[in-house]
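In what comes next, subunit A is part of two complexes: it sits with subunit B in the first one and with subunit C in the second one.
Now for the complex of A and B:
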């Protein structure tokens, strides 16, 4: 008996002494100079599929790729209105070189003294200097069918040589990397020109996306995923080697990705301007300093939202998104932090995303495609504000146009005349469309429409029901077709729908990246014009606008394009999403631009405050242990007596 | 014995083949390979990129039979996939291109670290509890036991997990709410809570099952004989009934052994344990058909091996049963 109590005491002591910190110890406790090692722990919803910059095209991949690799240009981390490109690996902004019919090339100069990460793929183990040939190699990779670059066909339309090299490789079933890439003219080790087939001002945005990040040929060839002398080397897409502020040192699938600071990083420094005046003191302290401030970034893969939230509550991760299931815990009805989280000192951020969600009509459908008044009527009857209140915690922005705020050409004061939730106007339009009170004037039959939606959980089913009811206020009947994501995609590709809900997130903040969704030459399978909207006037203006640098004339064209879409109504703009995020008191956010995915290079944390708060938030009460011990002791006594009695 | 084994193993072939045909068809009914490619490459991927992806993985071949002129009829997706599985050439994940064999090897250890202790504790606790309830059968304690067990069976594992994380990890801060890394003794702190919850979640059903088995035994003739000879009730139960009841129990337990390696789908996902359960859930979520079909294949193999083991055990433990 005494022995049993001893065991129990030991078990309780172990339990009480054991830390509930879920992280492995950081790489080091202190830096070389004795100051605390800054390790930051971030929740990450899943493993990235690939860290190959020429292949990766998802948020998760980019979150890591953009810390390991850098591109010629990047976004200013603080400026959003308008967004601004600044040089990163490039020494100054590129110079356009004009041909007789517009801009046909851009000349880039590469900063001197930029080195790739130290890695065994280099013969000395030391990273070598970045040169212009690395850019030519990156573009060769974009053309290589084996790399599967998802934006090849977009770039091939404008950049010299991509299409030919791709066709040639498909024909010969191999890619000859010894051939120079025809679209890049290497002037010297630190200067190159990108040659264009036609004017393409958006190229500069592409030069800030991971697809155009320089990669060392040594790494691609070294990390081939095969066995060498008995050890299997990783595949390049899991072992990135770049010039960026962090190096990936460990990736445990399903668990974590750990990056540590690239000590040789010199390419960029903290910006010296662009911050909001209200926060000047904080930013001035960082202005012009070498970055990154963090020594280690530990992305923890947490696929379920509840554990992610628990770890945030305990202070073990620095940031949290606010999903529907935890929104009310942290945010009050007035969209402020609840008193509990205010007292904790947590930071709340309201991020407007550069995206637009909309209903879109299939313009090839004989009922909705040929009847503009009908589309306008549906637009006028729909109560977007109510939908936002019920389903989006009231925080999304009501959209009046295709372009989201911050994108060049967005008109803050624009009101879509058919999107003001006016039931009277809607009925009037419907009557003019030939369906007074929802019945076909000729046949007397009720109009029935089919709405295709992705429905995969209770919430999306409720939303579908809401959307149906809103439109049925017109007196017509709406049948909701519930699809799984894959089926929905399939229907959109094949044009097998009447109308549906959709959305687009900016690749870059240029109106071209939104209006191209309604460009006649982008009708599937060629592109993403799922509405199959074909309007020669729109296409003509779009082509003109696309080839222009920003100017009052371009602004005028953008406004005209918007006016055409508004009147023709191939889509009904619904909302621009806003996401609420939380940061711990010791890790206030620095970056203000939602397009920046390498924000961690500017971030710093207060390690001492974190330590203190973690202790404060994870106190261990002793009474439950005492309770368990008492219960077990009582059970033991009972069992002992019982065995005595029943022998 | 040998001929029996060979016959049983041959029976397994058509069953596995059937399972694979159903999986193959179901997966493509739910979504086309094109949709799968879109999901993996991102909804913005261009048709050319998708075509290229499909081609590189053989998903652009005909489904079952190749009727294209100049092609051999067996040059189809189904034949290629079945051939690869039959030769245990597990191939590469559709989503990440990782070697599936490697993914399975890495996932097995974390899964076993959870399931083996849970299995042992669960077995011992439920056996003891069942014997206790049989001993006090038809009393109020027994009735209470039945109610408790049914209640425990009815609660889904998610509820155990969420409540456990909230109570043990958040309210009392004793153990991590989440996470896992292999590093000697400190791995234990990540195992305690999942093992407790996994054991608890299965306990109700096991106790009920074992109790039923023992209750059946207690009405046998040999029990009456022992009682008539004046053997004490405790000895009758713990020696005579236990021994005979174990025959059925062992066969049941052996059948479940191969499944330990698969791990727990829900638990691993909620605790972020990188085991095979997590791997499976994630493969389904990301439409990674290569991993799903391998999991189904290995899962059905394991199931059949379990059944075979059961039969062998049954014959080995119970002298009345003979191989035929």
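Now for the complex of A and C:
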């Protein structure tokens, strides 16, 4: 009997421990001052490849790197029109300086009292202060061929010494880190200049990207992936040590990454201006306060979108993207939350991404490249609104130009005269192009074009069919070449296509980062001008615009560049993506700028509300248990009666 | 290559006529009269043959081109459905408004099985996919049946090194997972109905070859073949006049059962993204699209329902016909399992 009671007790204890909550307990329950420990759980689609800031160039890597490392500058988290750079590790914005010898440079001053994370790589285990030499070291790493920095070639065009150091390392097959980096002139421990080969105002944007984040040499050398005294140390790319608001304390591959608040963090505070007037009360409560507000960020690796969505519904993750498959569950036809989600108090955010998707023509192709009217006709016949309605839930922005909203030079009221979905105009242009009704006026043969697309799933196949049918309204025949992503990229690099669909996401919100896609000197293999568009006038204006600071004169140049692209039509702008995101009622998002990837340093959560909502949303229905019990009772009764009758 | 309209249509009619004549000739042939008589009494078989005939007829309708204005042709099936308007996007069966996130709009007409993402009538798309299925099944059979029969008869009749070589080839092919081999061949040849048929044909002859090889071995030991040898007939004559006619019933049954397999394989390949090209109606692509359509809220089920039903009834009819033919050809009048 005692044994039975014991079994029953153990079973009850196990049952009591059962919960829907899939997460391990937070690092701590309470802070030192007794207030609740703010742990935020976020879905994360996969393990990052690397957390080395000089190497990582993907969204997943940046999501973690930007919390662990910081750069000299960063984007204002609340300003989007236009986007604005503000100092982060730098003490004030850098000053452009020109030396008497004609050298160009930017002078940066580093904030005092910025410390690297406490880590065993430092002799005392305590993080040391950030100094100018760390920036020189970071630039040396960019030049080091072993680091494989993906932006080396771009920066090497402008920063003194990058290319030479890289060439020298390749020649000698080793990189001498004891040599000072020639492109950084260290004035004192907290002041340095970056020396430029030619004017490059976009350098400031690069100084807000993880590639230029300072890293401590001690950490790179300590975390070498080798065995020391019988203990294997991790590689630096898996053990980041930075100056950022969080430090990585645990990475369980395929499961989670856990980051804890950096108690030494003092570099930035919550902004004191820039918020929308409608939300002033909420933002004013945080203005000027030390950040981060969170104590712990737990990225939970959930590879499938549906489980991530279900966890959001249960309240176990704080945020969720709205994919096409669940879009209509949460968002109504008026692009507002459905009543169910409104009742839950969920927050809906609509983020216009600084990206543009477009069709691009191969300008070296004898058919489409040499016939501007034909390109304009295709542009005029295409119904982008319908595509957005059918395939993008009606939320993307119809693009009329290459530049997306928020980028300097974007013209909100600009209408591309060949992009107004006018079938009559398109037919007229096609006739002027020499193909009345889609047939060659000389040979009488139907015009056949080949559209190269990445087709790797049902949705991309449906989209390809839509695009084919739209253009075939002209009477021409369109053959869709279905490619895998890698094949498509390869064809674009080699110029082995007639026209194709493509897109560009801003590295930084400067028009240079879009117009360079059509710059004559960027034709592959030199660059990303996959259209092979070469227009001397465009190139001249681009070179002039690229070297200028924002000004009315620069704005005029940008508009002229846009006008040239519109008339020449080497590409047909389609749309600017808009992403819908949801946040739980206890974790409203603070950041408004989609270029900010370290938004979690501004976020805070209401732990009590989360606990209450999780209970409310995960009440276990009793009817299945009651049903099973009733069934068992009925079966028992039946068995009893049967045994009574049959003895 | 584009042939004039009348040549295309003539070719289709000739193909249909030659197929019909072949069936009529076979049915009246004294050699297979007993089987024909048995088949006529098999109600399930006859019903299956009727269902398949309907599919064939629909496929034929979608193959016959008729002029529809300058520089435009359309198929007879399109002509029959010309009153049905194209919508903007999804609409449920018999619904009155389109299924749109931002702009639900009144429909141009009613659609019995609704419309797909591009606003196409699902009933018409389902019927048009018959042609794709029939082309895949027909073209593939034209490739694998001669290959499998020829190699099977040669291996079973000549044996020794001929048998060894053929066995080596098909054993090697059989060791490669067929779906991987199919995908590899399609990747190499590119997408398209002929390419898929070639890939299926190259991988499908092994089963038939094994079957025919075994049957040829059995037949070649029988007295009538020994007698033909004793009379001094050549190998070619023995194979063509005696062996082949006696294994043809297996070929026919294998063709019928294989046909359904190819239709399903096309659907699987489309599901895996290596099926028919963009713009070609296909049950596989309709089923593939359903992966995300079913996850929508509310779910789009009619595309999957229509394509799955069409595929199901064709495959069922083909299998039942195969069974009926096996029963008809069975000399003992009892069931004997025939494997592919």
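We take it that the second predicted complex is superposed on the first by the 603 of 647 C-alpha atoms of A that agree within 3 Å, B and C clash if a C-alpha of one lies under 4 Å from a C-alpha of the other, contacts with A are read in each partner's own complex, and residues count from 1 in each chain.
Definition applied: a contact is a pair of C-beta atoms (placed from the backbone, for glycine too) under 8 Å apart; a residue touches a chain by one contact, two chains touch by 3 or more.
Nothing here was measured: the structure is a model prediction, and the numbers come from that model.
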Fill in: Clash or fit, subunit B versus subunit C on superposed subunit A
fit
Practice prompt. Return first, second, both or neither, reflecting whether A:482 touches subunit B, subunit C, both chains, or no partner chain.
Written response: second
Discussion item. I'd like to know which partner A:306 touches here: subunit B for first, subunit C for second, both or neither.
Written reply: both
Discussion item. Let me test your reading of the model: by the given contact rule, A:425 touches which partner, first (subunit B), second (subunit C), both or neither?
Written reply: neither
Discussion item. According to the stated criteria, A:154 is in contact with first (subunit B), second (subunit C), both, or neither; which is it?
Written reply: first
Worksheet entry | Residue contacts with subunit A in the superposition, subunit B compared against subunit C | B
Item to complete: Figure out whether A:614 sits in contact with subunit B (first) or subunit C (second), or with both, or with neither.
Response: neither
Item to complete: Considering only the touch criterion stated at the top, classify A:464 as touching first (subunit B), second (subunit C), both, or neither.
Response: second
Worksheet item: Between subunit B and subunit C, what is the shortest CA distance in the superposition, whole Å?
Response: 7
Worksheet item: Both subunit B and subunit C touch subunit A; at which residues?
Response: 306
Discussion item. Residue numbers of subunit B touching subunit A in their complex, please.
Written reply: 30-32, 34-36, 38-49, 52-53, 56, 95-98, 103, 106, 135, 162, 165-166, 169-170, 172-181, 183, 189-190, 232-234, 269-272, 274, 278-279, 282, 286-287
Worksheet item: What residues of subunit A sit close enough to touch subunit B in their complex?
Response: 15-16, 18-24, 46-47, 49-50, 57-58, 145-146, 148-154, 235, 237-238, 252-256, 300-304, 306-307, 310-311, 313-314, 484-487, 489-490, 493, 507, 524-528, 618-621, 624-625, 646-647
Worksheet item: What residues on subunit A touch subunit C, complex-wise?
Response: 306, 324-329, 331, 333, 335, 386, 389-391, 393-395, 437-439, 446, 455-459, 461-462, 464-466, 468-469, 475, 480, 482
Discussion item. Considering only the defined contacts, which subunit C positions touch subunit A in the complex?
Written reply: 70-71, 88-89, 100-104, 117-118, 191, 273, 277-279, 285, 288-289, 291-292, 295-298
